[in-house]
Amino acid sequence: MSWLLPDSYSTFGPDVDFLYYAILVVTGVVFVITEALLVYFVIRYRRRDGQKATYIHGSTKAEIIWTAVPFIAVLGLAFISIPSWNMMKNPDSVPADALDYIVNAKQFEWEITYAGADGVTGTADDISTINIMHVPVNQAVNITLRSEDVLHSFFLPEMRVKQDAVPGMDITVWFEATRAGAYPIGCAELCGNLHTTMGGTLNVYEAADFEAWVASQSADADDADDADDQEDQ
Amino acid sequence: MDAHAHAHEMPWIRRYIFSTDHKTIAIQFLLMSLFFLVVGGLLAMMMRWQLGFPSEPMPGGMLLPDEMMAPTPAGAIMLPEFYNSLVTMHGTIMIFFAIMPLLVGVFGNLLIPLQIGADDMAFPRLNMASFWMAFPAGLLMLASFAVEGGAAGAGWTSYAPLSASGEYTGVYLGQQLWLISLTILGFASLAGAVNYITTIINMRAPGMTWFRMPLATWALFITAILILLAIPILAGALIMLLFDQTIGTAFFLPASDGEPLLWQHLFWFFGHPEVYILILPAMGITSDVLANGARKPVFGYHAMVLAIVAIAFLSWIVWGHHMFQSGMNPMLGTTFMITTMVIAVPSAIKVFNWLGTIYKGNIHLHTPMLHALGFVSMFIIGGLSGVFMASTPVDVYIHDTYFIVAHLHYVLFGGSLFAIFAGITFWYPKMFGRLMNEKWGRIHFWLTMILYNIVFWPMHSIGIQGHMRRIYDPTQYEFLQPLQPINQFITMAAFALVAVQVIYALNFIISIWKGKKAGNNPWKANSLEWTVPSPPPHGNFELVPIVYRGPYEYSAPDVEEDYWLQDAPPPSETAAPALEPQPVAD
Amino acid sequence: MRDLFGCGRAMLMATAAVFATACGGGGGEAGGGMEQEAAGEEMASPVDMATAGGIHAMVMFEGMAPEMDAIDMASEPNCAARYTDTPMAEEVVVGGGGGLANVFVYVREGLDAGMSFPTPGGAVVMDQVGCRYVPRVVGVQAGQDLTFRNSDGLPHNINASPSENRGFNISQPVNMDTNRNFPLAEVMVPVRCDVHGWMSAYVGVLDHPFHGVTDMEGGADLGMLPPGDYVVEAWHERYGTQTASVTVTTGETAMVSFSFSEAMAANAVVPMGEPIDPHGPGAHTLAPEAH
Amino acid sequence: MSQAAASTADRHPMPGMMVYNVKLGMWIFLLSEVMFFTALIGSYIILRFAHPDHFAEPGAVLNVPLTAFNTFVLICSSVSMVKAYAAITQGDQKGLRFWLLVTILLGTFFVGVQVVEYIILAREGFVPMAELYGVAHEIEGAALYGATFYTMTGFHGTHVTIGILCMWFVLYRAWQGKYSADNYGAVEIMGLYWHFVDLVWIILFTIVYLI
């Protein structure tokens, strides 16, 4: 039972993890102090017969202190969160050289489309996979997240990415993985009966391996197109 | 005319079933919501079975129909559809039919007239109607388990479009019953809220100024205002969703250009005030009990009132923090993050004031006091874990994970439910004339406290490891498989937690007949309900009470005892009271 | 506490074992095919067997069978592991002799107006094996039980979207059977699995028993009918429908043949959810290519 | 009516009490009504901003002159309600009955016109259902327009109808002579409700028909 985050492998990782631990420390200190005081007071001021409690109604000074201190603390936490939040979610923060992807969610699959050699989605050389996403390491990827039916939530725990997919909306999600490997993809929004099966795998490759994967896919890209046509029927 | 005598002439059905007496209605709400609390708890146990032992045959599952539990040669295995219904109905029943009626229906009805010195609510028949809408609404909600397609399965938040069309879930009638039931419950809540607000504004006894009201009444007053303003928003949203479901409109269906996010905005615009509806009365009850247990005035009474008002006000501008990852504009996310952080301040003020209240007290650790202290210690955890998700970047990671489940249960179970236990035990004499058993009360408290933490504390941890909420089978995800022993451990502890509640149930039932007779004021408390017999007669007060002071004058140096009833004339006026007690004017 | 608990579970397992024995441990056989399970007591059929004749349909595929795509089961390794070869899509399945399989052939028109047929007691089984439906196309009578069987032991979901009947969306997390029926006749009801996008199947629902699905030879028996003129339709998921008229005489098996070719895929109309009234006029304008 | 209940509701005001219970209760209830219509109107505004192309120009689909006249009728009914209230505060029983009846008739006329308007619009294919929308005629915009229009005006119409039913009850009691210059609470809260419904309509008319 651990309060430590699992390792992160994206450029968002340090920001999110720093904020998490910062809040953990702040709340941890408050937690220990308040709970310790509670226990201490209960023991120290336990019932003594024939004695009265001290008749105190309050203290304006104390009220001001414990209004102002938490106020400053939480506002501080809010303000240090803003830059990271903007970096993660603001569409303007997506690096210009990011690779374009489309992730289309539906009950209960992630359909992932990679733009292919021409770098534009929606063209003939697109590569589509189901539930398995292939990305290069140290390269930003720019995902247009869509949904066909209900809400889903695209969750990459190690990348510290989570974004709901909303039918009728194109939502921009981006991240940059920093280590090659295979990582889970999850659905974090209840999306129907078999919501639980809507998992997948994120394969992060070294640049060369990614090229090889693209090449292997482009070889049978025609077949993939046929398959798409048939699905449409 | 003598109301008191009149009550005894009334036929049985008017006295116990269709009663207009606020105390009887409070007991009706109590029995109803305890029933739903049990139901909600059992639903949670079935969920826990599935989470601890995914797709293993559930004991007793054979008793349930095939649409819920699939019969296999090995035994009955829970279906994902049913699991989703359990998730939905556990949340819905606990929030709308257990915690909310317990806090608002029971304590609102019982305490408001008694604590302000009124003979009853402003609109007693409306009050009766409120219960008789809420109860059938609950039965309708339960009945939805029996209809074709099963009960609603889109979560208690019923996010559209999953909830807006049966084609996504296979649940048609169940979802519609869910919507209708909550709409009826909404009417019941509104009837209650109008009643409470009118009663508190208009029917306070002479001398009961605003700042002489006990904090329980203050909290219920502010809660009633939140209900009054929030429930109609929910009703509007529910009706639109019902139209989408039944007549084919497309408010929330993107296929016809409806807006799924509109549902979320409406729901949480209601939903966040609702969250405080579920905690403010608990805070009020805790304040009353803590002062009584510590034999000391509440520390910073005015600050406590202001904090309640501030929470209520801020609760209207923080709803977006439920929607950080929903696709809402990130700039709005920043705004909501700041308002959300700010709402932590009044909660912190309350915690520090509670600590100030027991500081230098003379603490009597009776059962209600234990539960009140339990509330404070658990609310600290629930409040602090809320700071994590207020920070938007951290929320990206922990949103919709078990961290949220842990957080909300620390607030609703560790918070509200402990306060409810405190409140029921504390005011039990005013309902049934007797005290609950003290020894068994303490045993129950300690077992509950320990087991409760064993159940919910590890949920923070598995949430931090990325365990999503509302998933039917965690082992479907390879990265969650190492967490399965923790899930099993939580499940076992949860069973034990529910089992020890039998102690409370037995204590509650047996004490009705066998409990120690309470007398007027068993806890040596100050507020007006303790000046009348337990249980108070129909009409409550023989003479309209006159209030001389605030409700928390414990250990005042002016009197010998360590408590000072609100209607006790001050020593200087005992000879010639400025105000003559008046007979009740009816 | 833990001990107590384990004991409870052990007891449960024991109960389950007894239950399994009682049930004959059913539900395991993979491979499926259409099974008419124990039919029970048949109600009297209105067809007089003394005068009845049969219909046998042959559906052939002309030309080279189109090459099917490989199914990418990478997202479900447990299923992929069941195959030694790459599993191929089954949209067009042509047998060695040129027969076109998975064609639903049924009597579309010509039954006497007064005739109604008892609902068969046995269930039609549609199995899920290796993340495929086996069989892929079935015919059932309206109201007859259709058993969806999960033999994969991993979660499947069965999403049927009929037009006339009420749809359903049920899931099967483990090896199990689920029975459903369609009370109204319609051709066809599409069925798919939302977890595995490649899995699809079709159910033809008719209020009479005169239908069949072609095997690898392209043959299908439509059963014994009263003598008369009938319109028979053959339905294929890619090539659409063809009709032929056929005359049934006592004691004979009338042959009716259809042929499909890849060229038809281009402008095929594939009916879904079409209500069928088999009691219509016997003769019908015939499609030219049907003989 | 329970005696105990009557005693509470009509009890002599407590010290510091500004308005009697039922009137205060009505004000509080109307606050919640404000929130209800806020939810509906807010949804309309959000949907309209999100999909401006789906909402027709003012007057393109809806009959503005007819509804403007209808609005005038409803405002007149508010005036007649005031007259009824003024009459009973003077103890004028006849005036109360007359003006109540006028209010009822004007209200009924309003609802009647609304029903006729619905029928005409529905025949033109302007319905709330997404699938059936615009079947008969080509109507600009999408189903959101129909859904929001019928929901908002429909709920308002329901409120007017409930008001009319309550007013029949008040009129019946007025006929029995239950009200007087000292006892006119029911008429007053009836008036409060009626003016509220009227006010909501003016807002709805403005944003649904005119903007």
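Order as written gives the chain letters A, B, C and D; numbering starts at 1 within each chain.
Definition applied: a residue touches a chain if its C-beta (ideal position, glycine included) is under 8 Å from a C-beta of that chain, and two chains touch if they have at least 3 such contacts.
Small disclaimer: the values here were computed from a predicted structure and weren't measured.
Chemist: Per the definition of touch at the top, where is the C-beta contact count highest among chain pairs?
Modeler: Looking at every pair of chains, the most contacts join A-B.
Chemist: Can you compute the centre-to-centre distance for chain A and chain C, using the mean CA position of each chain? Integer Å is fine.
Modeler: About 44 Å separates the centre of chain A from that of chain C.
Chemist: Any idea how many Å lie between the Cα centroids of chain A and chain B?
Modeler: Averaging C-alpha atoms per chain gives centres 31 Å apart.
Chemist: Could you state the distance in Å from the CA-based centre of chain B to that of chain D?
Modeler: Roughly 35 Å, centre to centre.
Chemist: Report, in whole Å, the distance between the mean C-alpha point of chain B and the mean C-alpha point of chain C.
Modeler: Chain B and chain C have C-alpha centres separated by 53 Å.
Chemist: For chain C, write out the residues touching at least two other chains, lowest number first.
Modeler: 155, 169-171
Chemist: Counting only residues that touch at least 2 other chains, which ones in chain A make the list?
Modeler: Residues 107, 192-194, 196-197 of chain A each touch two or more of the other chains.
Chemist: For chain D, give me the residues that contact two or more of the other chains.
Modeler: Within chain D, no residue contacts more than one other chain.
Chemist: Should the pattern of chain-chain touching be classed as line, ring, star, complete or other?
Modeler: Shape of the chain contacts: other, as it matches none of the listed patterns.
Chemist: Which two-chain combinations qualify as touching?
Modeler: Those chain pairs which touch are A-B, A-C, B-C, B-D.
Chemist: Chain C touches which residues of chain B in the complex?
Modeler: 53, 55-57, 59, 66, 70-75, 77-81, 167-170, 472-473, 476, 492, 495-496
Chemist: In their shared complex, at which residues does chain B touch chain D?
Modeler: Against chain D, the touching part of chain B is residues 1, 3, 6-7, 14, 20-21, 119-126, 190, 193-195, 197-198, 201-206, 228-233, 235-237, 239-240, 243, 247-251, 253, 255-259, 262, 265-266, 538-539, 585-586.
Chemist: What part of chain A is in contact with chain C in the complex they form?
Modeler: Its residues touching chain C are 106-109, 111, 129-132, 192-194, 196-197, 200-201, 223, 226-227, 230-231, 233.
Chemist: Inside the complex, what are the residues of chain C that reach chain B?
Modeler: My answer: residues 1-2, 5, 8-9, 12-13, 15-17, 19-20, 23, 25-27, 155, 161, 167-176, 178.
Chemist: Taking the touch rule as given, give the residues of chain A at its contact with chain B in the complex, in rising order.
Modeler: On the chain A side, the touching residues are 1-6, 12, 15-16, 19-20, 23-24, 26-27, 30-31, 34-35, 37-38, 41-42, 45-48, 51-59, 62-63, 66-67, 70-71, 74-75, 77-78, 81-82, 84-86, 88-90, 107, 149-151, 153, 155, 157, 160-169, 171, 184, 186-197, 199.
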